[in-house]
């Protein structure tokens, strides 16, 4: 079987690349950049191989790799991909080269280390999406912190150290509790293997007391909610974004935030359905608050990057809402919205970074009337803004629409409140756009700013193309997510939850057939 | 059958034009831009005609003719496809959009000749055409919404065309955001439709809706809710109360834009949607009356503001709002075909008015204030006469298109089961005011003595490529009405019959007894009389006794200023919504909650930990005796724990 | 009240008195002497308990060697009267009271616990306890015994490293 | 025949006094003496127990304790001498370079 | 021709490591006087040889497991494991200290001899199952440590740390000893396996075990007995600190563990004490470390915190916990040895470069050293793919196995607090420019070797803990 090691290769290729980078002379910047770019592009191409041979109809993990890693406690080297993780990995591998290009020549110090960090980070993120063993998942989850920490802390702006520490401590606070949760789960089920645990819990062979389930849910949820970030836990985000270098912001917004929502989708819902249902109203409330709150705060930000950061809070609130509406449409919408947000917000940060390269500031008041000196950049900026505010035929709309549609089917009130975000996003984005690009040129020094360079055009037009494509032809994506997001809901079905009649799946949107055990469940069900 | 099978060609043509002009326009010669911009639209027009020809051959049972192309959004069992459809309603809209659109494009060549960003302008215009066509040809709500938002976008771009002017940029933003507020309702409407009917395709929705029982007047059932939600969107798009505020500001855009988007086509999208969803509305009486009332009120309200405005384009803007009110009124009383008919005629004469106004502005070198016009009749006769025609049409002079459409609406308002005397009165008074302010406009602009500096500006008639469109539109403004002239005027009401398959609504005309016809005659007479009255007052004010208006304004100061300032609605909204929002976001949410509350808490925890750390650190005083003391403390503590069973009784005795 | 008890009480009183005066004396020499008193009285108690050998060792090694060492060092450093500084509030307000409380606690707990008293016959273990002691020391406990030799070695080494004058 | 618990109480008292002394005294040498006092208390306990149990082990342990005490004394006094050399005070409270 | 009651040869084998160490210690003492001061080669070689041989000799007890010397000693894979750890520690310490001694101009012969003797003592503690023997082992290592602590005779700080260590240490020892006496009195034996069997006097037994706990708790620097640690570690010569923080601590933990596992009464009695001590210790260490300005002292506090983590595993009182403790001891020894050795090296003449701020810009000056230090710190922090993480992971696992959820949560909270100050050093090293210029110090071969071993070990255990962990788990099982 040719795909036997595909996932391993995808996961560790960037790591190998970074090792290779270390072999280069540290002042040989040209080659360092080239090598890094080549690696990341190769990575992207290889990751595309997943599409070939990916069975869209199957809800189960594919290209699985399962090897024993440690014996006591039994920890596996277990990779696998399904319709959810595949696209997130593709997003990662797609954004990384762009991030590399974006930081082509605005990194002054430690160029080699910078690219090394970026590649290590890529490995970490991909690992998070592939790992099917809770221990492995946690390892990648934590490892990925470090490069980000350095990216912000070393190559960031003025208050970078504060931001970096805040980022790490926030995340750790959550993830350490998740570790407790993972081990507790292990002591209950005797396994770290996600499919096995899933099977045990779902078949009722191992039961969770409601209280225990709630606590476990909390332990996992907190970690993910911080990462997302959900409303009251979001304050690390603006700082991190503002201080991070462009590439850092892009990856942070593009991928890292998705790890939170991914975690919710992959662990919280399937493993702790009852708790999820019980907490859903509260989570949804927070999500909605986040949507409105983020938008409103974004509206009044004087700093472009901060504005985008808060807009992320708003958008991801929507994603969380979609996830906790428990139906196929909204969940598919959420997954799709993760990708959209990755692309659009990534693009926004890239654009902000380009402005920064020219003027070394993010303050909106410093700009104004830029449409005159740089028509192309401004046109593309508008395009991205439109996609981010959910204009139909651009990617953003599809996700929002599906989420709201599905949520409306589940709870009309939630959807109605959430939909106000549609208005607000238009307000803050267009207002910011107007202040930056419209009107006469306010500051003289802005008059001579150069328009988008060749490199920048490559980046931006690529993104624009993707935005348009995902907006018009969403079917090829959603078709591959269908089975998996359906599967998430099926995994939420427990015998008792039937009798309780609290099946959160609205009739019609979710087939109610008992899911067969995943291939990997056979063999070693029920470790000691 | 080429076009029937390839409906997509029609929207695709302008899109192509937009793409070409947008990408390469800036390095092309101007002529190429014209060719692409106007050519694609013209082709679209031709294609539309061809389509209508083919469509007329279609057996009735194949109407509406739906063509699915590719599926756009699919999730679960939800599917929104890129499906286009054709039926009589679509045909009418197609004619208006492509026809008027094309004419206006031609006009723009002359009008925009000396503007910067020429290709950009045509790219935006074509983009608008594309979205508008998608809107009218869409076969399901999401796709309609695509067009809906798309035209909003293009209008945003075109209003903000002179983006160097802050007012223009603001106006564009305002238009988009206000529309968004309406769209918010529209989206919810779509969601509810899906939840109710399990589909968003027109055919299935209407089919199943038709079989649902009609909801009684008072009750707000599913259908009513849906209809009201959709109505919210329509109100936003068609600038009805209370979301009309964006349209007058939208006049910041170039005049052809005002003519095409803010008079002829886009703003009528709301009417189109209501008409398109008439099945839902007919089952929701309450929604119907909501439509009617809003329409009627808007018609009157906007007209009153129009009375005193001095900016020529703003007058026309408010008149547009008012006329849209008429259309809503028509739909509200169940006379959908009448509404569409008025849409049709209005497209011609209002476009004509705008273009003529544009011609005037062009002639005066950008002057828009009527107080600095006058006596232009001889200088720009073509413009004058065409404008006069349009004015007569809108005022409802017998024989002109406006007469028929408006008359039908008023009549329906009176007699239809949904109608009432009140609605009729609203419409009638609006008609009066309309006649007055339109003639006021004409008199102020073309009659009397010139009030502009004749040495500074030398007035010149517009070039031919601007005049030809005026003439063409003038012709339609007159003749457009005859195709719908009711029977009693010797006309054979083609229009009503043509749309009949779409609106199997109340056929009031056929079911009308003889005295009903008499009634219609009387009503028509009243309407005409009212219009004439308006004309006379205007004549009296501005020709006979030109100083009267000032005196009047002096005598009734308060109402005058109120009208002059458009009832202070903008200020009101600013006070109620905009400022509080900004304040809350900045002071409360950002500073207080975010930085003060949450971040404060986080940093507070950090500092508290530090402080604790300092405490613990100071246990290490460096003095060995203290350490020993701590050892003793620990020893006692632990021994107490270990000997607990031994000590408990002791403690008991102590108590 | 038997003579033995009387003797015990006397010696005990002496020991406690010595300990107390160790605490109260201000000059190290006096403290050292009072400690010697304690040790000697303890040796007496050992005799009462029938541990002649230990009693001897106590006198020779402890009172003899170790305490002499102490006195020597005191002389060497001619340490004067100790100054009763009270820099450690902890020791003053927590250490001392709790120390006394600890003493009471221990005394109480131990006194309350009834110790299994072996029959006096077995008490005089074997004819010549010292011989038996030697046997035990050099057979059962030969390993720790050897270890103590290393311990002494370490001590010598330490004294050598730390206290020798030059370097 | 004196009950063994008398001895034990005595040893406890002595031990406690040692503790008190340790906390109370300031002169390093006397503090060290306090430790010796505690060790003596331990020895007394050992001997008493060995008597009570009718074994000799206790006495052996005492022997070991004494040896250890001797070793400690040697090293401890050496350290004290160093202290006295490096700073002209034997007051334990004055020896506080290392703190916080 | 051996005397009649000479112990069987087996016993000699079983105690081979200790014997080797003592023999070489004596050997060094004999050789040292005959070689000139400046010439340090031979003693170091001898010391390394001795430590190395001792480490190798661990093989012997490994194959001849069983009781020795009338059951005073118990050689099982538990003690073998610890002997291996301690031996390795000694080798590394000797390697790491040689250059330091030369730099500071300290006599090396006595130093090595003392290190070897101390190690022997620790070995005894690790395998003794008779309390007095254990006590003597304890004293061996302690007294040797006192001397080593004040090895820089003329540095007042060194003397002070020695004094504090000595006074408080013997104070605690007295408690321990009194405990032994009481246990003996209560049960009539000091052999751990027999304690449970003997018809015990409950109160005395409780008291005795309690006193023993107090004594050992002091040795492992558990709160509230932890106060001596920072002062002693800071004052002592850094290589000695490296030894103290790894060796004696491991031995003390071993003894504690053996008692806990062998004596059921103890494990019942101690539970709450362990719980409280663990919680207190974690917080005491981390909170105080939060506000330190000297790297050395901060690491001293952090070692307190880590003792707390280990105590959590104690409180779990199950095989997993035992295994976790063993694994953690290894990981911990690696990290601390590496860190302290590096600090000793970076400290420079007379250990003057100890402030955190002095490390500013180290990442650029000495990338290798900075990278190693960062690795140790991250491992102490408990970030994955380091030994520290897995150690913590196993501890969590053990705690949750016996449902100590809240203790686990406290541990979690603490590791977040800890993250702050570990990361702070990394921040300074990599994200701040150097203030005043310290001359970059080339890393000598021996130190480099230590760094290599410890760093590699930290990473390796972080990725493949299998070997060590299985060994630990198995010895934990055999301990019962």
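Chains here go by letter, A, B, C, D and E, matching the order in which they are written, and residues are numbered from 1 within each.
Everything below uses one rule, namely that contacts are C-beta pairs under 8 Å (C-beta built on N, C-alpha and C of every residue); 3 or more make two chains touch, one makes a residue touch a chain.
Predicted model, so just to flag it, every value in this text is computed and none were measured.
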item	value
Required steps from subunit D to subunit E (each step between touching chains, minimum)	1
Lowest number of touching-chain links that must be crossed from subunit A to subunit C	2
Two chains sharing the most contacts, counting C-beta pairs only	C-D
Chain nearest the overall Cα centroid	A
Most remote chain, CA-based centroid, reference being subunit C	B
Chain separated most widely from subunit D, comparing mean CA positions	B
Centre-to-centre distance between subunit E and subunit A (centres being mean Cα positions), rounded to whole Å	44
Interchain centroid distance [CA atoms averaged], subunit A/subunit D, Å	65
Averaged-CA centre spacing for the pair subunit D and subunit C, given as whole angstrom	6
Centre-to-centre distance between subunit D and subunit B (centres being mean Cα positions), rounded to whole Å	97
Residue numbers of subunit A (touch at least two other chains)	none
Touching two or more other chains - residue numbers and ranges from subunit B	617, 620-626, 628-630, 632-633, 635, 639, 643, 646
Numbers and ranges of subunit E residues touching at least 2 other chains	132, 136, 139, 143, 146-147, 150, 153, 163-164, 167, 171, 182, 185, 203, 207, 230-231, 420
Pairwise chain contacts under the document criterion	A-B, A-E, B-C, B-D, B-E, C-D, C-E, D-E
In the complex with subunit C, residue positions of subunit D that touch it	1-10, 12-27, 29-30, 32-34, 36-37, 40, 43-44, 47-57, 59-60, 62-64, 66-75, 77-82, 84, 90-91, 93-94, 96
Touching residues on subunit B, where the partner in the complex is subunit D	617-618, 620-625, 628-629, 632, 635
Contacting residues of subunit A [partner subunit E, same complex]	70-73, 135, 138-140, 142-143, 145-146, 149-150, 153-154, 160-161, 164-165, 168-169, 172-173, 176-177, 179-180, 183-184, 186-187
Contacting residues of subunit B [partner subunit E, same complex]	606, 609-610, 612-617, 619-620, 622, 624, 626-628, 630-631, 633-635, 637-639, 641-643, 646
Footprint of subunit B on subunit A - complex, ascending	166, 170, 232, 234-235, 293, 296-297, 299-301, 327-329, 332-333, 369, 371-372, 386, 391-393, 397-398, 401-402, 404-406, 408-409, 412, 415-416, 419-420, 422-423, 426-427, 430-431, 434, 437-440, 472-475, 478-479, 482, 486, 508-510
